[in-house]
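Multiple structures are listed underneath, in structure tokens.
In the two assemblies presented below, subunit A is common to both, partnered first by subunit B and then by subunit C.
Up next is the complex of A and B:
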């Protein structure tokens, strides 16, 4: 067995034996369950209500006037994505920090590095072990969501919808791994582990909470309490008049959102799940084409994390201090 | 075998040449030249912050020297670090190992990383050698400091290294643990011919264990000789402690 696989196997076993991660997994599943099951009931009641209306019309000897309403079951996963954005990023940070912090605290990192193990093997092994774990968590979440859709909502997924769900899980995996590699970088490069944790969670707060929140608040579509225009008591018409005079408003809002990898992730998966109505019924390649920039940002964030981890691992002095 | 040799053909398994490590404007190790012959137990002495651990970190390929270099077991620590690592064992100060794993699982992990093809056989042999078979299935978290140290030694010698580096191995051990460690090191040296390079503060142990000593002060080697010669040279002094203090003070006067 190669050194990477030896390290990956141990890493995976460590996570499984750790109570913290079982807790995170259960939390994520509970949130998924709550979100999907509630949405599924709403979906089912909409279907039932439509069916019963049809039945009444038929009994009255009438035909439905309008077209049959289109229902998109993948829309029900919106809540799951909201949780994955937040808890998934925390999971990535926790895994990335603990994988390094544990080895530093116990001095076992020194032991590994005095074995004929290349630093590339060490990095690859640690990433592989954690990647498999994150993959399993996502498979659990995805399967749970799928079962809820089928059995609670009574929705039958088409092959295209199933493919979209798989793509959502794949992008979610990259998103969580990006936070993993970021945390690993901070814990490798910073001498104080507590400072590294503070920096990691500050970055999490900025990317996951603050920037998306600013973007949402400024969103002209967001005529809800807390929305910018709603807060200053501008209705939709007044809002349009104001925006017509500030052509750069939307550009600025978009720029702020683009700064957050979470928003790039959200835009991609929301498009795939059809949460933005214009993407419903669109073919997968077309959606991916439209969201290419967002997908690339998420992937680049992950790639940059791996490169940063690798470069810091190769700076020998960073790993040892006495 | 590429061990460096002196004119009298004595083999030096550790050959340090003008090794320096600088942090900012300060030299942690400053132009260190040192030779340790094969089969010796070398005691590396010095005050806190003298540069002992930094030296060991460089010799074990953990740290990159600022300048100079060294050969360990005949291999260049800079250009042939993997070959060096195949031939050394290392036990850092206050080793904790993986708490949630048993002794056996810890040893198996390091055996695999050392490329040992039959880990079980090696582990059983080492545990037997260290008289530690009874700890085999105990979790590290359940072991005392002394027991843990023995498993730490076990991981360091599993792959039968030529040189064993120990950093303050007696730190935190009770007298019984210190004696056990001493007996183990002497047996390793005698029965397996293993060269041992030991950073230590415990001068009483040096007299009982080491054949050669080196004294480092502020990153510079201020003394290196066999223990017998050292004691002869300072024959007015009653103990190694007195000798050590005289060497250190003499250096400061310079």
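Up next is the complex of A and C:
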């Protein structure tokens, strides 16, 4: 255990000293602020639009049809989640690649293993150091999001909302660590570092961008700017009635989306943030219960990554590196 | 010139031997093959969804609005390709340029290369030519696949085929910008990972961040080929942000111009959509910017260093 801690401390220091730390942290913070600013402008625009429609209706002597847009502060973090999906996964890949590349480049693996350090200690130490670092980055992002909500959108969080935000950060941590372990596995298994990096980015592209994109573009509602059902003045109930006739198409679309761990992550955190309106008033345990499958998939992806890292690190020929 | 051609030929041969390039190319080709079917299948289903919705409206005594998909052009089934060029093509281009810039450095043969009568100009020209031809081959392959797969699903006329190849030609110019950027950073950055990371950060900014600032699109919203509804920009702050950032939003210019070339209504949004020619000109400027970065990188690098 003490060996792992020493390795973890060394790992953490190495990350802090590399330029990657500051670059990715600043990028994520800038993206967080941008997203909250744009989302709060969009919300203000919706309120203005509602007020102006209300004014016109009153002048015509009519009653307003829909409710006034209500601010749910956590909804403003949707863009932040999108960035965590994309850039967070890149951060995981970079850290996973660097942790192995460092040993390969300096040819220190043999040296470490000549000491009384087991391969389990090595893996655990490396994971711990990076996990702490990712945790700190997420705490920064969460705090910055919180500050942006207060100062830009003028929204304060309730205790339940704060708890939901914490859970979102915890799930994001698992998600990023899953990509960390995937990249570490590729860098352990492949001889060429840049090849391993490109393979990691290709897998990232398929899981994070392509599979969700296919599911998204197959959605009938996404075919017209502003939504197809909106364009023919259908409400949610009518939309459901029509789509019920195309259940096999919707099942296929859902299946494609579920092949992507990113979509499972997104569904969980979107539910917690109340981005789908039906989850807004729901209690945390109920949300977690409904999204149990998605949470399990994200955790399974992470667990599979750790197992893969461990099994490849246990191979005898791993020392051929040097 | 002769040296440049030799370097370009070597570049092309090396690229098609690289496993990572082949991997990205395989993903790109697979998605090109799939895109026509995905487009056709979703368009087919969506027409049926419209018919069912219209029937429901008629039964409740209401008049059904005309189908928003009634006058969709044949090539609209390739609309997903616009996104695949931005996503997969962008990364493929960066990795092509990066590999071209990194190859001699990693093999430690730069000193050897320049001990021969080869100038920096020969080197640069050869590399740029090699990158451009590799990407041209990729694009031609994708265009051929799209033409054949589309012809199986819809009847294409000569004009459609011209539009299809124009779309891919335009995409080639867009991708060259990223390839040249990847090449530049591979030459100037000491750290291998950072050299790849910087162009990828540029790609993220261009693909996700700028569209969020100009059209209030969520980052993953940029993955939808349907152009955004931008009524929201009536808000003064968002409008100002749009006006300031929009000229630099390369991926949006590409999306709009590509949609126009494929015959889709790029002007269906309320946003101040600029003329197609101006958008296309900006894509050329983007490519020229990448070219200028490559020139600067080659002239600034110390050939005795690696």
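The rule is short, and it goes like this: the second predicted complex is superposed on the first by the 262 of 322 C-alpha atoms of A that agree within 3 Å, B and C clash if a C-alpha of one lies under 4 Å from a C-alpha of the other, contacts with A are read in each partner's own complex, and residues count from 1 in each chain.
We adopt the following convention: contacts are C-beta pairs under 8 Å (C-beta built on N, C-alpha and C of every residue); 3 or more make two chains touch, one makes a residue touch a chain.
Model, not experiment: these values are computed from the prediction.
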| item | value |
| --- | --- |
| Touching partner for A:14 - first (subunit B), second (subunit C), both, neither | first |
| Touched partner set for A:106, first subunit B, second subunit C, both or neither | first |
| Dominant contact partner of subunit A by residue count, subunit C or subunit B | C |
| Partner chain(s) touched by A:3 [first = subunit B, second = subunit C, both, neither] | first |
| Touching partner for A:234 - first (subunit B), second (subunit C), both, neither | second |
| Partner chain(s) touched by A:86 [first = subunit B, second = subunit C, both, neither] | second |
| Touching partner for A:117 - first (subunit B), second (subunit C), both, neither | first |
| First (subunit B), second (subunit C), both or neither touched by A:209 | second |
| Sites on subunit A touched by subunit C in the complex | 19-20, 23, 27, 31, 34-35, 38, 41-42, 44-46, 48-49, 78-79, 82-83, 85-87, 90, 94, 97-98, 101, 193-195, 197-199, 201-202, 205-206, 209-210, 212-214, 216-218, 220, 222-226, 228-229, 231-234, 238, 241-243, 245-246, 249, 266 |
| In the complex, subunit B residues that touch subunit A | 53-54, 57, 60-64, 82, 85-86, 88, 90, 92-100, 109-110, 112-115, 155 |
| Of subunit C, residues touching subunit A in the complex | 19-20, 23-24, 27, 31, 34, 38, 41-42, 45-46, 48-50, 52-54, 56-57, 64-65, 68-69, 79-80, 83-84, 87-88, 91, 95, 98-99, 102, 106, 191-194, 196-197, 200-201, 204, 208-209, 212-213, 216, 218-220, 223-229, 231-232, 234-235, 237-238, 241, 268-269 |
| Touching residues on subunit A, where the partner in the complex is subunit B | 1, 3, 6-7, 10, 14, 17, 105-108, 110-118, 316-317, 319-320, 322 |
